[in-house]
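Scrolling down, you'll hit the structures one after another.
Two complexes follow with chain A in common, the first pairing it with chain B and the second with chain C.
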Partner chain A sequence: MLNWFSSVVRLINGEQEIGRSRGFWICAFAVAVGLIVLPRFVSAYALLNYSYIISMVFLALGLCLIWGFAGILSLGQAAFLGLAGYAYGVVGINLSQSGTTYLALIAGLMVPTLFAAVLSYVMFYARVKGVYVAIMMLVVTLLFETFLNQTAGPQWHIGVASLGGNNGLGRFSGAIHEPPSITLGLGSRLIEFSGQSVAFYYLEVGLLIAIYLCLRALVNSRFGLILAAIREDGARVESFGYDVRAIQLVVFCLGAALAALSGILYVSWGNFITPSVFGVTNNILPVIWVAVGGRKSLTATVISTVVLTWLSQRFAIQGEYAFVVMGALLVVVMMLRPEGLITSFGGRKTSASPPLSPGSSHDGR
Partner chain B sequence: MMGGDREAILQITSLRKSFGGVRAVDGVDLVLGCGELCCIIGPNGAGKSTLFQLLSGQILPTTGKIVFDGKDVTFAHPFERARSGIAVKVQSLGIFQDLTVDHNLRIPLMRRLSPREMPKAIDDLLRQVGLQGLNSVNARELSHGQKQWLALGMALAMRPKLLLLDEPTAGMSSEETRLTTEIIRASNAQGSAVVVIEHDMAFVRELRAPVIVLHLGRIFFRGTFSEVEENEEVRHLYLGTRNRFKSSDLPTR
Partner chain C sequence: MLSEGFSLFYQYADSISLLMLSAVGLMIIFGMMGVINMAHGELMLVGAYTTSVVFYAGLPLFVAIPAGASAAAAFGIVLERLIIRRFYGQLLSSLVVTWGLSLLLAQGFLIIIGPSIRSLPTPFGSFSVGGFSYSYYRVFMFVIALAVTLAIWALLRFTKYGVEARATMENPAMAHALGVNTDRIYMVTFGLGAALAGLAGSLFALEAPIEPTFGRNYTPIAFITVVVGGSSDIVAGLIASALSLSAVRAIFTTQFNILIGYVAMLVSAFVLIRFIPNGLSEFLETVLNRLRRS
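And now, the complex of A and B:
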């Protein structure tokens, strides 16, 4: 039991990720405690904003995984976010009598993930590479936006959920139904996680901590090592007997599932979704969050997504300067710190250290 | 000479590869027995590297057939060839510079070993290629020769039936070349058949293996190294007494 525990700890604290010192974990624990007590100290409106910010972190983590760790840049992650939002919304609206939203959650996760599986099969088995994957994804997401924008007519409905054209699903579309909040439970004991509620915020914080730790373990696992190798030289990895296409497909689906989680949280947070979620800004912003923090680190991605989304909201109050500022930030960081701000200052593992025996990797840097 | 009494591990039959109008490999026939060692040499543009890539599966032939270990692998994917027992060491190093030496070796080893067996296997391999104690050094920090040995170690980690080496001593000093020769001989003694594609004649001499001379995509001559050296035509062709082959004396790339 203890043995098992220590190997999990070693996996989470492996060297493919920054933040491995005692000091880091003390800070991380403090941040977790801070997140838990936060609702006592802020207004309901501020909490609503923080819930939105956290919901976007999963989208960024998905991009960090496929781009930073596996070397696949996608400019269309919002396709999975939007698809998840619509799938969750459509199923949720149709099954609103059932009380719980389990089926909507499953649809919201499965539809984008299966779509990603089909798409990545086509791309990776046809040897589409590099910038072409990025562009194909952007085209895919814009196609969704264009298609959904023209679904205003009454003929565009799935069950009782009318797709609503550019008004989307929700109270603005004139339809009676809006996507439900996440509702879990059994029989009459139901918990509704409405977007304004503290429960929704805690659900997100719990998911964030769990997924962050799982992803750390993943990137330090054997699978993560193969990803790092593929990022550097996929052809060479193949020459050792690995089917790189299949590995890329799996990691691409994982990235899509994380984007889908953001999509579900987003639509159940605001109880609406419009085709604009598929748009250019939603696809480029995650790239900025991940690149500015440091694409090769989950920790950097979480921090920079939270900080930059928070900053965007501040700037948004002054007018539409936020995107200009974000774009300028990306350009400056890429010129001065191409590996990202947090990873360059946070001390990526250095290699000048003396040889250590394998396993004695618990040095704090 | 080759593939005579032993069971053949590799059979190449009238292999051709054209790039546009150029026939880079133009009808090569070759049989290699289990555990045999052979060197393929030739001047620049002889088709050595194309032949290597046809064998490793990075490119596919126009016509012809490659049978490895009784299986037709002519159009097999590189990872399928690797799984059936072909290990390659490409010319461009082919190590993962972002990873430590230890992690580099884990990548080929993970396919056949459990995590428990890993540390010992890694140490054994490092000793075999003369990199002992460098487990947690970043591959980027190694010297050029050490990088080449690491790449060789990664190929050996697969316990291949056939080891394909493209210019394994490129850029090495003569002392490093000698050590590389020993590593290759040792792995050959352990049962791997080895095909070395080479430009450096000193190294070929040291390896004392049967030699195939490739010229304009065809097998021009086969024999021992001394036979190759004594053959007037090969000397003219390869050693550059004809002006148009002069550049071939220089190391490629």
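And now, the complex of A and C:
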């Protein structure tokens, strides 16, 4: 038992991730405690904003996993977020009388993940890589936006859920039904995790801690090491006998599932979703969060996503400068600290390879 | 029957000119420098906006359109000198940094210029065939698209710049060693690509409302045209890609509607990349070589 525990700890604290010192874990524990006691000290409105911020972290973690660890840049992660939101919303609306939202949750997770499996089969088994994957994903997500924007009118409905064109699912389209919040429980003992509730916030914090630790273990596992090897030199990994395409497919689906979790939480939080979630802005923001913090670190991604989303909300109050600041930040960081702000100051000395060696950078051509 | 045939042909030509014009600037930058310029749409906006300002200052369109292209070229060269030149040979990094630029510029223009820009009137009027009316301006754009493509081909084929640019594209280190100023070639090439983006923006501005997200209406089709065309031969890739994607679009648009035509084109791009990941130009080269050998 103790043996098993210590091997898990060693996995979580492996070399593929920054923040391995005792000091880091003391800080992390303090942050976790801080997150747990936070609702006692802030207003309901602030808590609603924090819940939104945490819901976006999973999207960023998914991109960090596929881009930072496996070397697959996707410019269309919002496709999975939006698809999850719509799938969860449509099933949730149709089964609203059943009380719980288990089936909607399953639909919200499975639809984007299966879609990602199909997409990655198409792309990776054709040896499409680099910028081509990035651009294809952007085309996919914009295709969803274009399609859903024109689904106004009574003929566009799935069951009792009308898709609502550019007003989307929920109250803005004037529909009677809106996507439900996550509701769990058995029989008559139900808990509804509505967006404003403290329960929803705690659900997110729990998911965040669990998924962060699981991903840390994953990137340090055998699978994670193969991912890093594929990122550095896919052809060499292949010559060792690994099926690079299958591994890329699996990790791409994991990234999509994390984006899907964000999508479900987003819909559950606001009880609405519109086609604009598929738009350019929602695809570029996760790239900024991941690149600015440091794409090769889960910890850096979590920190920068929280900080930058919080800053965006601050700037949004000031005026329309949030996107200017975010765009400028990305450009400056890419020029001065291409490995990201947090990872370059956090100092990871184990990986000695140059950030973008000529060999790996030409793989998109 | 004749009028239906003409309608299909017109749709086809119209789609070809749209794809070629919106993609040609992007294609040159991607083909020569390996950089996918995600800020392409914002360069188009610079062209469109400048054309609008110059036109309403009282100057004729044949001055306003080149002014738009020149402004975009100047803007592009500034971006290249300040930022993009640091990212040559780094495909993914250049993609990310230009996307950041795109967000920065689109929002910056929105703040500086405001949400509405005076739209331009469409010149030349219309003609009718078999009861349907068609715009002369679309025909004009088709002619311009062909002329631009021909000019690019001649530029790369017959001028000193063209030879040096193709040498730099093949092997930058060797070209540099042989005395080609590759840094200058990159700058000029990016400026040329930006000028063509600006030209496309100016031309499209004459028949579409100009708004800060103006360029984003054209960037998806520009990207797929470039990616489907591939980077091994700019002119061949551009033509092959525009011809094939437009065929799909024209057929589906006339059979169903505009949206299905658009979706069918994007889906067919996806299928083409699946089977020909290096683009049509390389595929055609391989086929031609095989034919020659047999």
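FYI, the second predicted complex is superposed on the first by the 349 of 365 C-alpha atoms of A that agree within 3 Å, B and C clash if a C-alpha of one lies under 4 Å from a C-alpha of the other, contacts with A are read in each partner's own complex, and residues count from 1 in each chain.
Throughout what follows, a residue touches a chain if its C-beta (ideal position, glycine included) is under 8 Å from a C-beta of that chain, and two chains touch if they have at least 3 such contacts.
As the structure is a computational prediction, the values presented were derived from the model and not from experiment.
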Which superposed partner A:Met335 touches (first chain B, second chain C, both, neither): second
Touched partner set for A:Val287, first chain B, second chain C, both or neither: second
Chain A: partner with more touched residues, chain B or chain C: C
Chain B versus chain C as contact partner of A:Ser239, first or second or both or neither: first
Touched partner set for A:Arg222, first chain B, second chain C, both or neither: first
Partner chain(s) touched by A:Phe323 [first = chain B, second = chain C, both, neither]: second
Chain B versus chain C as contact partner of A:Val128, first or second or both or neither: second
Footprint overlap on chain A, where chain B in one structure and chain C in the other make contact: 356, 358, 361
Chain C residues within the chain A interface of the complex: 34, 36, 83, 86-87, 89-93, 95-97, 99-108, 110-111, 216, 220, 223-224, 227, 231, 259, 262-263, 266-267, 269-270, 273-275, 277
In the complex with chain C, residue positions of chain A that touch it: 73, 75, 122-123, 126-128, 130-132, 134-136, 138-140, 142-143, 146-147, 150, 280-281, 284, 287-288, 291, 319-321, 323-324, 326-331, 334-335, 338, 356, 358, 361-365
Complex contact set, residues of chain A against chain B: 15, 222, 225-226, 228-229, 231-233, 235-244, 351-353, 355-359, 361
Interfacial residue positions of chain B with respect to chain A in the complex: 56, 58, 77-79, 82-83, 87-88, 90, 94, 96-100, 102-103, 106-108, 110-111, 118-119, 122, 133-138, 140-141, 154, 158
